[in-house]
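By letter and in written order, the chains are A, B, C and D; residue numbering begins at 1 in each of them.
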Amino acid sequence: MPRSAPAQPDKTMTMREAIAAHVHDGGTVSLEGFTHLIPTAAGHEIIRQGRRGLTIVRMTADIVVDQLLAAGCVTKLVSSFVGNSSAGSLGELRRRIESAEGEPLEFEEYSHYGMICRYLAGAQRLPFYPLRSYAGSDLPSVNPAIRTVTSPYADERVHVVPPVNPDVTIVHAQRADRAGNTQIWGLTGIQAEAVFAARRAVVVVEEIVADEVVRSDPNRTVIPAHAVDAVVECPRGAHPSFAQGYYDRDNAFYRSWSAISRDPDRLQAWLADWVHGTADHAEYVAKLGPEFWARLEVGEALSLPVNYGRRL
Amino acid sequence: MSPGHVECTSSELLAVVASRELRARRTVFAGIGLPTLAASLAHLTVAPELEIVYESGVCGAHPSQLPETIADAVLITGAEAVLPMPVLFGYVLQGGHIDVGFLGAAQIDRFGNLNSSVIGDWHAPKVRLPGPGGAMEVMASAREVFVVMRRHDRRSFVDELDFCTSPGPHRALAEGVRPLGAGVTRVVTELGILASSGQGDELRLVAVHPGVTVEQAREATGWDLAVAPDLGTVQPPTAAELRLLRDEVDPGRVYLR
Amino acid sequence: MPRSAPAQPDKTMTMREAIAAHVHDGGTVSLEGFTHLIPTAAGHEIIRQGRRGLTIVRMTADIVVDQLLAAGCVTKLVSSFVGNSSAGSLGELRRRIESAEGEPLEFEEYSHYGMICRYLAGAQRLPFYPLRSYAGSDLPSVNPAIRTVTSPYADERVHVVPPVNPDVTIVHAQRADRAGNTQIWGLTGIQAEAVFAARRAVVVVEEIVADEVVRSDPNRTVIPAHAVDAVVECPRGAHPSFAQGYYDRDNAFYRSWSAISRDPDRLQAWLADWVHGTADHAEYVAKLGPEFWARLEVGEALSLPVNYGRRL
Amino acid sequence: MSPGHVECTSSELLAVVASRELRARRTVFAGIGLPTLAASLAHLTVAPELEIVYESGVCGAHPSQLPETIADAVLITGAEAVLPMPVLFGYVLQGGHIDVGFLGAAQIDRFGNLNSSVIGDWHAPKVRLPGPGGAMEVMASAREVFVVMRRHDRRSFVDELDFCTSPGPHRALAEGVRPLGAGVTRVVTELGILASSGQGDELRLVAVHPGVTVEQAREATGWDLAVAPDLGTVQPPTAAELRLLRDEVDPGRVYLR
């Protein structure tokens, strides 16, 4: 049945269009990517468009979250790790939490697996998800969303977390087709679950590829098209994090962030220069310059092909 | 006979009629055979963006030949995605991404509850049927369920199921659970179309095929079948529909017997 | 740190050794593979070694289960679909369930997702796993293991299933390294969860490959070595099911099984001829002959490689 | 000075001593830095089958260079497996496949409970620390937890935690939950080794480094530190251990500062 395949709806748009269409003031926005493929460019466009009152859901609240906080976009953070990787602190985040000055930040704290389970519950439309953490921890005492359920099989209690269903999830990936079939390799993190848990999903990719590229390896598709609402091509959009096989991590920038973010004026100047001062991510990339990118270049280590087979 | 009417087989009739019900739908969970034929035809006619999701985990298949099972190797090669089972059942189906699920059953009752487990007592059955498979999940989570039944008779359309494998929302609600979907909203048979508008109401006869009487349909049904006041007549397959079905969808006549 | 990589422990053994070591009378054995990669050769070796009193856990109880039943290995079956695919009936299974004659078979019935959730609970060491099925179904009335839990977030009940932790899970895969890093493509089914849920795991593969093959594409590894106890190389061990890219499904055999299994004498003769009459799977393969296998041969459809990158 | 003693840095001392505790272990959940150094050295010495599992999902890494983070691209390329996070945290860690997990913390108490969330009150903290990450899960599910603390003082070894992020089994059992693992069984510091035999008992000083007195260790600890009757002296790193650590594990001196 050669013509029975669906017509691929084209969901490609610019970052500006995608953020304008799917990120709204007061909304809950999940940005995922565990060290790898962090959707930084999307965060910058949210800042450029001046969104306000967002709830950000992100396991590892790192530089992009600090930037969104400093730009005044965020009133609530849901996270399991608030640090600049192993490279230091997030200045703005610490100011917002540690001091009584400035706009207060509502903070909802979980463990990593607690966050994972919230996405799992959200993706599976479950009222809760059980996990073996939290017994004896002080965290449930400051986070009333962490509760317990008694097993109906033995006299045993287990902690549970509620689902999270973001208004929109934004993830970065190596490649997708125009319809949104998204392929990720290297660390795949929690991206698929975050997308399935969301009402809308925006996938930002290093490159939009021909259907045939995706279809040569359907097991590589981590997110199927029907879960995706917008596909944005944005090369190097994960900087300063990395995209396996595309460019390496900018460790120097991570290290520099502690100093930049420690000083509010310097942080605002950084935003003015690199985010408000660039029209879009292409300008940001150009501003960094070719010599900069050459340092993050990676060599080739190709996967060996597998045979999917063809009926003879 | 209306102008343009063309002779067709029972399979062709069911596939064409079912395909029309898929108008503007986006995702369909379909098994092999009539559901795949209906969905493939709908894609060429009333639902150009329709995607078939198979229980095996295949999304966006581009098979080189008609598949023989929902897991046929030709569905995998060149597909857009092949998902692990926890993703397919947990995120896609239970997660609410399926517009229409196709199901079959040995028995159906007036509320669209389905039996695919046993004829007789479950503990000592007269006939052991294959069982639930994923039908219970399709019923619980697809927005609507379509049932295509080749045979419309009192053995299949029963007043009381021997066993309720896959319950419609009527029964789930009685247990205090509100399912995502509307349960069985369409039953396409050799006699006509039964429909239900949504959660809780009975299936009613809404159309009969040309030449079929209401009495025939009521006689073949094991419960007191309600009839819609605006009962219609099913438009027979058009020449265009049959041409697409025969020449494009199943040129090898694998299922169009 | 070039020498910091672990020494790969060699877990390869013959099918005879693996079944002798890991399948014991009275044990609970999970055999998974959804239409694709069904571990038939392992089932045959269980029959050859005359195991008794097994509980078989398998989502789709099909031909290999009918054969294990007919050989007298099984006293209990846990399943969500008992049929010969779409090709007909399982004669022995129907006799054991429908008639009062013969050894009774204990049967525990779930839906597909119920089985999946039992494996998920088993793999995650959870006391139960919630799902949105079963409300209104008669199944809980004949299966007391299906219970309910009330959500602590809203006045809402949800059904739950208990974990399954098989004594051993046996799965078939395309390839693994000697340590058990197992790669599957095409339908990956529930194999990883069934392995993680089990106390012991045996992976049967079409081919054992060099470490470098596996390591060229680590995302393809569905089951990591630390979850695997034995690796068995057994080409064509999934027949009559298929192995994507290696050989096609033997649809003719599926269709013939209804007739073979309908007649108990014919079924026993088939077992005598093809299972007891062959010393191992290599003999079974040879007995089918090269012309037979030529009909199931598949052509080439290679995945396009991806770049994992190399630090320059 | 014992014969064969070689001068070494504090990092080298901690890495060598921690490595010895990994004898015959199979799987270790380790972060970057001292834990990775200890595990890599153990692999070359006391635990030849040791596999490092990283929180990022990497199993069986064969990095071309020392990784800078647990998610460093050099850990991925050439690895044996890269697992999705629900598999890593759900099946591998919570599923009970990890023998030893390495953790650090801002504060530790006598039962090996850890604080990595805040100094001060959680609602208005003096210092907001990074938080739980996966430490709570490592504590709940790894068979044993090893803690390596560069600094052994009363700010870190406290009588009462400001906040208990990752509880040991002692606290879990008080809530009626029996965790899989034994909690913190080893704490390696600049002064010596604290150990606990399993669920529920206090950490005791079991060995001191050469030249360190019991009083020094007790003075540096915020609670009344118990001392094992058979208190030992830590054997200093041997020349062989240091050679392997310096020449094979971290020849570029990335972590051995």
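Rule of thumb we're sticking to: contacts are C-beta pairs under 8 Å (C-beta built on N, C-alpha and C of every residue); 3 or more make two chains touch, one makes a residue touch a chain.
Being a predicted model, the structure only gives us computed values, none of them experimental.
J.: So which chains count as neighbours of both subunit B and subunit C?
T.: Expected: A.
J.: Would you mind pulling out the distance in Å between where the CA atoms of subunit A average out and where those of subunit B do?
T.: Once rounded, the distance between the two centres reads 39 Å.
J.: Please compute the C-alpha centroid of subunit B, do the same for subunit D, then give the distance between them in whole Å.
T.: 57
J.: Please work out the Cα centroid separation of subunit A and subunit C, and write it as a whole number of Å.
T.: 36
J.: Can you pull out the residues of subunit C that are in contact with at least two other chains?
T.: Within subunit C, the residues that touch at least two other chains are 120, 125-126, 131-132, 156, 158, 185-186, 188, 192-193, 216, 219, 244, 248, 298, 301, 308-311.
J.: Counting only residues that touch at least two other chains, what does the list for subunit B look like?
T.: Touching at least two other chains: 58, 73, 76-78, 82, 90, 94, 141, 180.
J.: Okay, what are all the chain pairs that touch?
T.: A-B, A-C, A-D, B-C, C-D
J.: Mind listing the subunit D positions that touch subunit A in their complex?
T.: Residues 31-33, 55-58, 68-73, 76-78, 82, 84-86, 89-90, 93-94, 113, 117, 122-137, 140-141, 163-177, 179-180.
J.: For the complex, which residues does subunit C have touching subunit D?
T.: It comes out as residues 1-7, 9, 120, 123-126, 177, 179, 181, 192-193, 196, 211, 214-216, 218-219, 221, 224-227, 308-311.
J.: So in the complex, the part of subunit A that touches subunit C is made up of which residues?
T.: The touching residues are 125-132, 147-154, 156, 158, 160, 162, 174, 183, 185-186, 188, 213, 216-217, 219-220, 244-246, 248, 297-312.
J.: Quick check on the complex: what are the subunit A residues that touch subunit D?
T.: Residues 34-36, 60, 79-83, 85-86, 93-94, 97-98, 100, 109-114, 116, 120, 131-139, 142, 156-158, 185-190, 192-193, 242, 244, 248-249, 251, 298, 301.
J.: Per the contact definition, I'd like the list of subunit B residues that touch subunit A in the complex.
T.: Residues 26-27, 40, 43-44, 48-53, 58-66, 73-74, 76-83, 87, 90-92, 94-97, 141, 180, 248-251.
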